[in-house]
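Structures given as structure tokens follow.
Look at the two complexes coming up: subunit A is in both, with subunit B in one and subunit C in the other.
The block that comes next holds the complex of A and B.
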């Protein structure tokens, strides 16, 4: 009994350490400007200051950044899902000589560090006039999603019996019909895993955004808050409100799809 | 069916979009880096072709580059000797947490899904010499003499950064070990219990040996993950003070964009890729054998 209690205490303490940033963020996002200084770790506000959220939304360009983040992330994860479904099919079902080679090439992407592409892609995007364009983020996001996504989708497809596809073909279905009408619904669990993992990576991504975006127009949320641009420098409450808005979507996604994510991460680790 | 599945046009349509995008965004840039790495380009204006000079300079005379590698090694040592044993221990704890099992497993992973921008800002404020929670806490418990300028001190900063990285990655390591534990058949525990093996013996003699394949996987991943650290450094210290917290990813970025040594930065990029490739191949050879299904 005592041992059990000790175990629980230790677990709760570490859980608190891991949860601290979230508690801290939400707590501070409800403080009035006067309440930030002074001692204490967490400060319970007299009354929750919802105004921080209102001012974050009305005075800044936050709605625009939120839209940019959402648009860029969703475009990237949808394209990555479709492309890796196609690649997965070609790698597990189609019969061709070079598939091992091409699969290996794509898997290289799990080894190559994203940061090694920052300098050359900056010049590349400058050449093709993509600097400061959402595509400068969407394209590399898709490319770097492909290795892990293809791996997970291929792994899942291997477990689906081929007889279903064969009978569909007998009935006159084309290969594309097989992929998008028959296999796509069946690979839903793997597709969900892939989309959630990619959502979390790209919603949070900021180093490419910091490199390839130069004007205000297409800034994403994490990038916008990195420097706490002008109008916010003294409005701490609004800063914390914005940071909470960056953190919450991924946390909520994770809480909703914990199992899918955990499975995806382990599969990626073990097979990668 | 065979004819349909070996149709070249279909294969092309399925593979080309993904593969071309990948080559264009990942492989081609590295080739560009290899080229620019052989020049003395400063980002604008003309440049000269200087052969392998940059590469030789980096490998033989660049102390910051080697310091960056050393830091990756320090981080790896801390990860393997501190983070992983704790994660392994906690993954066992979690399986004994009864109705809170799922809750703990979920909560431990949360830092890993929160934007590094947010977590870095939090830790920078925790470590702040005047307003930081850490120094305030030390004062509160009467240990004022231990107050430090945590991130400003050249010998301390690297440990603070390593702590933050380990903190954020803790849930990931735990998740892998937890998955490994789930893969061990339940009747093995019962059999060991019937044989009269105590808890301690059960874990040291039965469970942990069975986890070895997962430990191998976790080690392989830790090696490349430590090499690839960048964002936390960029936001917390930008490699400072005096490059003591420098990591390769951040160093190449700083070299190209702050010091305008674009050619040199690209040469670091190429060496970075090569180091990652070599380490991955080596680690896979040494460590990763049969792991089973998860």
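The block that comes next holds the complex of A and C.
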């Protein structure tokens, strides 16, 4: 009983530690800029400063940027999911020469830092007139998602018995049929994991967006924060309001899919 | 089968949609960027005899287009497009650090936008000039703008002009009158009084002085004050920078570093001084938790910032940095901040220069900047004094008008990025009281030794 109580308190403390930044974030989004950084850590305002949200929606163009962010992120994670599923199939099920080499080359992508690709990509996109275009973000996002996604999905696929596919082939299923009608439903947990992981990494990506986008039309959510940054001091309240709205989808995704995620990651981990 | 056809079409749509939107991009990108008050480019398209359509790309580090300088910049751009329907100015605004990062990308691909924000400091502008990326400007084109003598020096190299300054900046001591009056403390006039006053505030449990020590760039300018007050001459640091002498072993620099240490030992710096960034220190002062704030004249808006209580707004004032027997209060650490340059690769150099001429007409930038209290222009602006300025603004003008000598570009901006970092780190150690004056001066010399 005592041990259980101890465990409970420890868990509650961990939970509070995790929740605190979120509470902080929401709390600050209701403060006036002048009330920040005072003596108290949390400061509940007398009257919530809804103006922060109003200016985030109007001057900060949150709705437009939200749509851009959603479009770019979803396009990237869907493409990455499909491609990594196909790659996973090619690497685990198909027998071909240089398979190991290609797998290794794809995995090597994991060690490439984003910053090292900024300049070459900028020159390349400038060349093929892709600057200031959603594709300039979607393509690198897909590329950076592929290594880890392929790793997770092929790890998961190893756990699926081949006999299922064999019986499908006997019933006259094509290769694509095997991938999308047999394997895809079975790898759902892994696919969900991959999608959520990629969503989290690209949802508020800034450095590439900052480099490749120039016009207002395609800017993503993080630009909205910057709109409130003055040369010296900033409109912190509105920035926190924007950040709250950026964090919201991520938090919701987490709440909905935590189970899926942990299942997806661990499922492929044990079998080699 | 149906499922993967669906997915395939979904992917296809992603790409085709993207392609479509990129087609529209050229058409609406610029207008999207403008503030809601205008729709200038449309009438131009309808006029058949309109002169050639020109699009200028304008790259600025004033990210907030709805407040302060960013708002003025945008309103001048909008007004210009209204008057010249054939010119479209596309604004790309990023915050300081992202701005500099992207400027590097633009510079290394030789695709600088037509007009860029630049700083008249070697660390920013020299590489651009050396690589021939900036257009040489003709000073005669801007004669009517009334730039203050010397203000374009930072933007010049080899007698040629490569940029135009936007602001005059100088470092002052903001103070909260109410805190002084309530505690019966007199405003400090000399350096030793400043130490004394700080002790008194400490006794009352009030933070004496704050500044953005975490970012660190205000500290070396503060040290320039200390050095000037010790030696009576701003030129001594310039002599070191020119390699004519050294920081170590100089009695005046020693005394200057000691005077900063005295402040540190008197606990003059606010709690968490070294971890306070710009917003934190400004708020600490604005919330009445610190009595003094060492910052540039651009904070004239403190007196009108509704984020702070009215009591504070009515009681904020500015004084020059306290004097000594050698350095007068009218010896000012003043310099010329950001400005604009034109890219050499621009397709429309005449149009870009014309816009800059318009921008720097006294009644545009100088007048609006001053009358909105967003800063002090680098141009003559006496004719725009309205008499309705806030007490704080008037105080700042008085300080500036009484200038007897000025420091010019802060010495940390006279070198490379690496030099700048080293200098700021040395200062943070000194202000944090974790280093002796001798060690501090040695570190400065080591930083100077890095310079080519």
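As a working rule, the second predicted complex is superposed on the first by the 207 of 272 C-alpha atoms of A that agree within 3 Å, B and C clash if a C-alpha of one lies under 4 Å from a C-alpha of the other, contacts with A are read in each partner's own complex, and residues count from 1 in each chain.
Following the convention adopted for this analysis, contacts are C-beta pairs under 8 Å (C-beta built on N, C-alpha and C of every residue); 3 or more make two chains touch, one makes a residue touch a chain.
These numbers come from a predicted model, not from an experiment.
Trainee: Quick one: is A:33 in contact with subunit B, with subunit C, with both, or with neither? Answer first, second, both or neither.
Mentor: The answer is second: A:33 touches subunit C but not subunit B.
Trainee: Who contacts more of subunit A, subunit B or subunit C?
Mentor: Higher number of touched subunit A residues: B.
Trainee: Under the stated touch criterion, which partner chain does A:11 make contact with: subunit B (first), subunit C (second), both, or neither?
Mentor: Only subunit B is touched by A:11; subunit C is not.
Trainee: Have a look at where A:184 lands relative to subunit B and subunit C in the superposition and call it first, second, both or neither.
Mentor: Touch partner of A:184: subunit C, not subunit B.
Trainee: Looking at A:135, would you say it contacts subunit B, subunit C, both, or neither? Reply first, second, both or neither.
Mentor: second
Trainee: Is A:46 in contact with subunit B, with subunit C, with both, or with neither (first, second, both, neither)?
Mentor: So A:46 meets neither subunit B nor subunit C here.
Trainee: Under the stated touch criterion, which partner chain does A:218 make contact with: subunit B (first), subunit C (second), both, or neither?
Mentor: In the superposed model, A:218 contacts subunit C only, not subunit B.
Trainee: Where does A:167 make contact in the superposed view: on subunit B (first), on subunit C (second), on both, or on neither?
Mentor: Neither partner.
Trainee: Give one of first, second, both or neither to describe whether A:235 is in contact with subunit B, with subunit C, with both, or with none.
Mentor: second
Trainee: By the touch definition at the top of the document, which applies to A:124: first (subunit B), second (subunit C), both, or neither?
Mentor: It touches subunit B, and subunit C stays clear.
Trainee: Find the residues of subunit A that appear in the contact set with subunit B and again in the contact set with subunit C.
Mentor: 37, 39, 118-119, 123, 176, 179, 206-207, 211, 226
Trainee: Contact residues on subunit A for subunit B in the complex?
Mentor: That would be residues 7-8, 10-11, 14-15, 17-22, 24-25, 37, 39, 41, 83-84, 86-87, 89-90, 93-96, 102, 105-106, 108-109, 111-121, 123-124, 139-140, 142-144, 146, 150, 166, 169, 175-176, 179, 200, 203-204, 206-207, 211, 222-223, 225-226, 243, 246-247, 250-251, 253-255, 258, 262-263, 265-267, 269-270, 272 of subunit A.
Trainee: Which of the residues in subunit B come into contact with subunit A in the complex?
Mentor: Residues in contact with subunit A: 1-2, 4-8, 10-11, 13-15, 17-19, 21-30, 32-33, 36, 90, 93-94, 96-97, 100, 102-111, 113-119, 121-122, 131, 133, 136-137, 167, 170-172, 175-176, 179, 214, 217-218, 221, 224, 227-228, 230-231, 234-235, 248-250, 252-253, 256-257, 262, 265-266, 269-270, 272-273, 276-277, 280, 291-294.
Trainee: Which residues of subunit A touch subunit C in the complex?
Mentor: 32-39, 59, 75, 78-79, 82, 118-119, 122-123, 126, 130, 132-135, 138, 176-177, 179-181, 184, 206-207, 210-211, 214-218, 226-236
Trainee: Once bound in the complex, which stretches of subunit C touch subunit A?
Mentor: By the definition above, subunit C touches subunit A via 1, 3-4, 7, 10-11, 14-15, 18-19, 21-22, 24-25, 28-30, 32-33, 57, 61-70, 90, 92, 94-96, 98, 101-102, 105, 108-109, 111, 276, 278-280, 282-284, 286-287, 289, 296, 298-299, 305-309, 338.
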